[in-house]
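Next up: some structures, all given as structure tokens.
After this come two complexes, each holding chain A, first together with chain B and then together with chain C.
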Partner chain A sequence: MRHGKLSSASPMALRRYGFILSFLAAPLVLYVVFVIAPYVQAFQIALTNWKGISPDFDYVGFENFGKMFADDVFWQAVRHHGLLLLVMPLATIAIALFFSFLLNIGGGQANGRRTGVRGAAFYKIVFFFPQVLAVAIVGVLFQAILRPDKTGVVNNALGAVGIDPVGWLINPDLALWTIMGVMVWQAVGFYVVLFSAGMSSIPSEVFEAAALDGAGRFTLFFKITLPLLWDTLQVGWVYLGIAAFDGFALVQVLSVDRGGPDNATTVLPLEIWRQAFTFSKYGYASAMGVALFFLTLTFAVLTLRVTRRERIEF
Partner chain B sequence: MTNTPREITRRQMMHRLGLTALVAGPAAGLLSACATSGGGSTAEPTASAAGGAATSASNPFGVKADAPLEVVIFKGAYGDEYATKSHEPLYAKEFPKAKITHQGIQTIAQTLTPRFAGGDVPDVVNNSGTDNLDTGSLVAAGQLLDLTPLYEAPSIDDPSKKVKDTLVPGTIESGLVGDPAKPYLLNYVYTAYGLWYDAKLFEKEGWTPPKTFDEFKTLADKIKAKGIAPYAYAGKNASYYQYWMILISAAKIGGNQVLIDIDNLADGAWTNDAVKQAAAAWAEIGKYMDKSYEGLIHTEVQTQQNQGKVALYPSGSWLEPEQAKDTPAGFEYAMAPTPSVSASDAMPYEAIRAIAGEPYVLPAKGKNVNGGLEYMRVMLSKEAAKAFTEKTKSLTVVVGATEGLTLSPGTESVVAAQSAAGANVVTWSSFEQWYKELETELRKQTNALMFGRITADQFCANMQKAADKTKADSSVTKQKRTA
Partner chain C sequence: MTRPPQRTGGRVGVFGALSHLALVVWAILVIFPIIWTFLGSFKTNTEIFGEHPLGLPATFHWDAWGRAWAKAHIGQYMVNTVIVVALSTFFTMLLSSMAAYVLARYRFFGSKVIYLLFVSGLSFPVFLALVPLFLTVKNLGLLGTHTGVVIVYVAYSLPFSVFFLTAFFKTLPTSVAEAAMMDGASHTRTFFQVMLPMAKPGLISITIFNILGQWNQYLLPIVLLPGNAEDKWLITQGIANISTNAGYEADWAGLFAALSMAIIPMLIVYIVFQRQIQSGLTAGALK
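Now for the complex of A and B:
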């Protein structure tokens, strides 16, 4: 009886699991080959003096890491990531929240429902535009916008009101902030859409009830919208944090002498690229890559732990 | 806007997004992770594999007639038409059965580094541009071919002469790499460095290129009064144009030994008085530069010069062909030597840096190594050199290859400067190729010096520190030169 049951169920199970497995296998193989394996290999290369131009290398233990911790440029880059991490996600989320609140809820009541400001649908599309552009194009665009002489778009406008051209990218004290501004500009649109989706899934009864109790826009935002949007915010924060550990393309295209002036804008991905492709130090570059991996991982894990809250079900 | 049934799916989606974010990480993690491919797959040296044919007077390297040849050309200021329309057809005339593959690209290092690592390399590489291959490391790894057989082979134009006797003196020496030094680079283009200006504009205004730095400052005031920038270079991507000027001035003050010491990472080479004086003199000129030039790229500044907004611009003789499309009628390029710093300079004002530049290399593990040597022999024929000069408005290292050619104004001024300089030639700098890390630091320090963030003394101290760091770095292969 038992035996018979097994033998009759087995082809069914096989077919079912085979079906599922066939879906899982391809992406899993791709993921292992193109994501996991290179990561593992980076750890391996970090322990070698591989120059990247011949298949020969020697294992040098942790020598690359020792050099890295003594490298001023490495610490400069890490400091820049710290600053990016403090400012960029916060600024982006604040601006995106403000816009999406206006676009979805801030407009007042119409037919008993809360709506966005007039033209909300149009603004939503406009805000999303930067997201559609490739980073390289954004970089080239901002090259023209931020040109340090009078022909730059921003400096031209400033010139019209009698302000001398500002060296957005050539003033070492200003350059990183300028690039941060571009990053925020590029990111805001996506988070407006993300937060809008989050807000539109909050039941309107909640808002109506609060409004009946006399809550103004300010109270609505801080007491209703923000708490109910917490999950989405958390994801946005992780995303932006990881973006703060990148910045390669914008710095590469926009900054003076790739990371300058005087290393004022350099970031780890750029240093990794330089060590590998310019200095032929793939081993050292991989050591920096490993450091970056752990920095990013630590950030993501910390964020998810620290921001964990009780979920509100609705 | 509400009551859409997406509560559950949304939360699931967000959860998944969060997970992906965790493992995906920034893109750069992947950059560093490309391929060691196990590490053991050393490519077989195929130097002799394609050399099946016998050698003869017309085929001194014994190239197999039907062996394909792959040529990679840096498509920069010179374009690659000289290769596709002249050099490669000339090679094909000798070996009609050989299939020639041509690639004209700008990112030499990014494109070819993986191929060197994998052992599948082209036969001829024009290793030039901002992103060129680190030849020092390539030589150390045994990836490049010693070109001695090429220079010892008979010349195409006159078989009684060896190739080495048909070249401008110093050409072979400029391509020495490694320890012991061997000629691995064929520097094909005769390049002169100096200050470039519009001869017509200077004539109209009654200006003459300055012979001393005092004259330079006086002239700069006059030019500034006309609303023109007296001097400019592009800090964003071409600060090396400026450090060339500083190095040339240093050599003029203290002799070529100053630059040789720098290449040899000699103790105190950068804190040498000649380097200090040169840096200080140029920093004074930097004060005439608008700060915005640090944020512009070379073509932007060069176009400004074509528009009459910049008077003097530091560059090499590729400038005229590079700007050919933007140069308006009535603009005539001319080159002047860098001004003398003091009356006690080791070299006279007329001295210029004129060297063989634009390196071509042959990968040692190419599939048609002998074909590569023959391709270079073809390049060094008068016919090929003449075609190069015609197409690129630039001189080659081949002696007498301009006979019967009408030269452009800029090239003519280079020829004049060359004869005025005579034997007073400022030597090249090898550290730019040998020690990329030091070179990168020099670019940075040059901008800091010229845009007034550091003094000449700090400049020298910072560079000495960087040179000492390179010297102490065991992972960098050290090289020496004697002349």
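Now for the complex of A and C:
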């Protein structure tokens, strides 16, 4: 906008700056006080032994970090994030890609255009629904469904075909996988819709040309759809990767003993929350927060580096 | 990969059947838990956890719904959440569109820095800020108040909303606003009467995004509305708490009624606005 330059009269310029100031002041103050300042303070508190009860604390340098690196629970949580990062995005993306391919392209041709299978619109609506539910509510829901004895729906159904009850959440070797399953259950619909949007922007001539060359569904999927969808896939991967460093609400609500059994499902956000609000170890909790920040940052930078490739224009 | 056309037909048939089966199975996986919860709210404990937890209830009575609404305070939590989310979404939209408009349309000293400051908030996990945020809210005397929750919701919704709306305002034509200014409209009036109506599609997307995000928030309520402020609690922490208590009081139907009460409004809103919700939530991914 050139309003300031339209006239050099100072009342006009003054009015312009007054306007800018009046529009920016409230959001900026709110944002700096409640978002930026806490982030900065977290790095400072991480260097103290603050226990929260008294206002007194000492700077202890990197003591909290030393304690953290010697803490088994910390490393357990980091390992869980590693597993989450490896399995959850891959499973979600694979299932969502399969479904969105079926729903958009897999139905064959009608009037020379590729269409989805019958009922595609209905499936998209149903699949997306878990996304609008609160994670805490999903957690409570699955707590009832996955009860370890025959009173759980899943185990009751398994019992009907002669399989013994499975300790979905009480078996330490299984609990994290169960929680990942619930994460995938909730996330798939979102990525079906996201990938569908990406697929519908691929021009249909591309598919027509390929079909004329005799390409089957598998060729269409791996040689055409996948490369043309790369940008959208990358976005999905980043989103899911960031989600893999969270997991707080689901683990806190769904797992036994909040992160159990025996810390078998704990994640860093949960440990931060527990150290801060159960044990009032503000310094230590903030140190874990700093660790989480650097883990997330590393993931984001690496992903952008590795997955960047040339855009395919169409 | 090319196959003779006559064979393709048969392969596609099997593939088509299997893939359709996969779609049906996933649809059942999504729908079934929700129907089971809804039916569970009418059942007795023996019906819920007896030999046939998948069966229909013997009689449909609404006792559990009454218990969940009044005794478990779901009604109260619901009202609290509606108030908090309505206020915080309104102020998020107001403040973020004001900031985004100025950042998108006016060039002034520091505009770039302020924009980057807002956007940088997107790359920090909220857990890093948790302790200092809690202390800030506490020191301001806002711990355990809805005012505190609304302010924090607005503040943490700003980065994404400002980021998205700045991009959106930049795509709008400048000529209409310039004409309005020529006609003597003030900057403020131009914003509210010309630019905001033009930005409606973007505003709707981000409003939906914020309503859902804030409605589903769990971490911030349990930190900012601790146990001694139970009458201020929001729906997500209320449900999670009932789940803990249901085990002791053995009121499973009450839990399912509470869950249904939390799920059904979302289901109705989703069915009515599903197109807008899908585009609103995926809007963030298509930057």
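Convention: the second predicted complex is superposed on the first by the 276 of 314 C-alpha atoms of A that agree within 3 Å, B and C clash if a C-alpha of one lies under 4 Å from a C-alpha of the other, contacts with A are read in each partner's own complex, and residues count from 1 in each chain.
Everything below uses one rule, namely that contacts are C-beta pairs under 8 Å (C-beta built on N, C-alpha and C of every residue); 3 or more make two chains touch, one makes a residue touch a chain.
Small disclaimer: the values here were computed from a predicted structure and weren't measured.
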item: First, second, both or neither for A:Asp246, with chain B first and chain C second; value: both
item: Touching partner for A:Phe98 - first (chain B), second (chain C), both, neither; value: second
item: First (chain B), second (chain C), both or neither touched by A:Ala285; value: both
item: Contacts of A:Ser10 with chain B and chain C, given as first, second, both or neither; value: neither
item: Partner chain(s) touched by A:Pro130 [first = chain B, second = chain C, both, neither]; value: second
item: First, second, both or neither for A:Thr298, with chain B first and chain C second; value: neither
item: Touching partner for A:Trp185 - first (chain B), second (chain C), both, neither; value: second
item: When both partners are placed on the shared chain, which of chain B and chain C touches more of chain A; value: C
item: Which of chain B and chain C A:Leu30 touches, first, second, both or neither; value: second
item: Touching both chain B and chain C, residues of chain A; value: 35, 38-39, 41-42, 45, 147, 197, 232, 235, 239, 245-246, 248, 268-269, 272-273, 276-277, 282, 285-286, 289, 292-293, 296-297, 300
item: List of chain B residues in touch with chain A within their complex; value: 1-4, 6-7, 10-11, 14, 17-18, 21-37, 39-43, 109-110, 113, 116-117, 119, 131, 133-134, 137-138, 140-143, 235-237, 239, 290-292, 294-296, 436-437, 440, 443-444, 447-448, 451, 453, 475
item: Chain A-facing residues of chain C, complex; value: 1-3, 5, 8, 11-12, 15-16, 19-20, 22-23, 26-27, 29-31, 33-34, 36-37, 40, 48-49, 52-54, 95-96, 98-99, 101-103, 105-108, 114, 117-118, 121, 123-125, 127-137, 151-152, 154-156, 158-159, 162, 174, 177-178, 181, 186-188, 191, 212, 215-219, 223, 235-237, 239-240, 242-243, 252, 255-256, 259, 262-263, 266-267, 269-271, 274, 277-278, 281-282, 285-286
item: Residue ranges of chain A touching chain C (in the complex, touch as defined); value: 1, 3, 15-17, 19-20, 22-24, 26-28, 30-39, 41-42, 45, 95, 98-99, 102-103, 106, 108, 117, 119, 123-137, 139-145, 147, 151-153, 156-157, 185, 188-190, 193-194, 197, 213-219, 223, 232, 235-236, 239, 245-246, 248-249, 252-253, 268-269, 272-273, 276-277, 282, 285-286, 289-290, 292-293, 296-297, 300
item: Chain A - residues contacting chain B, complex; value: 35, 38-39, 41-42, 44-45, 49-57, 104, 113, 115, 146-149, 165, 167-170, 172, 197-198, 200-204, 231-232, 234-235, 238-239, 242-243, 245-246, 248, 256-257, 260-263, 268-269, 272-274, 276-286, 288-289, 292-293, 296-297, 300-301, 304, 314
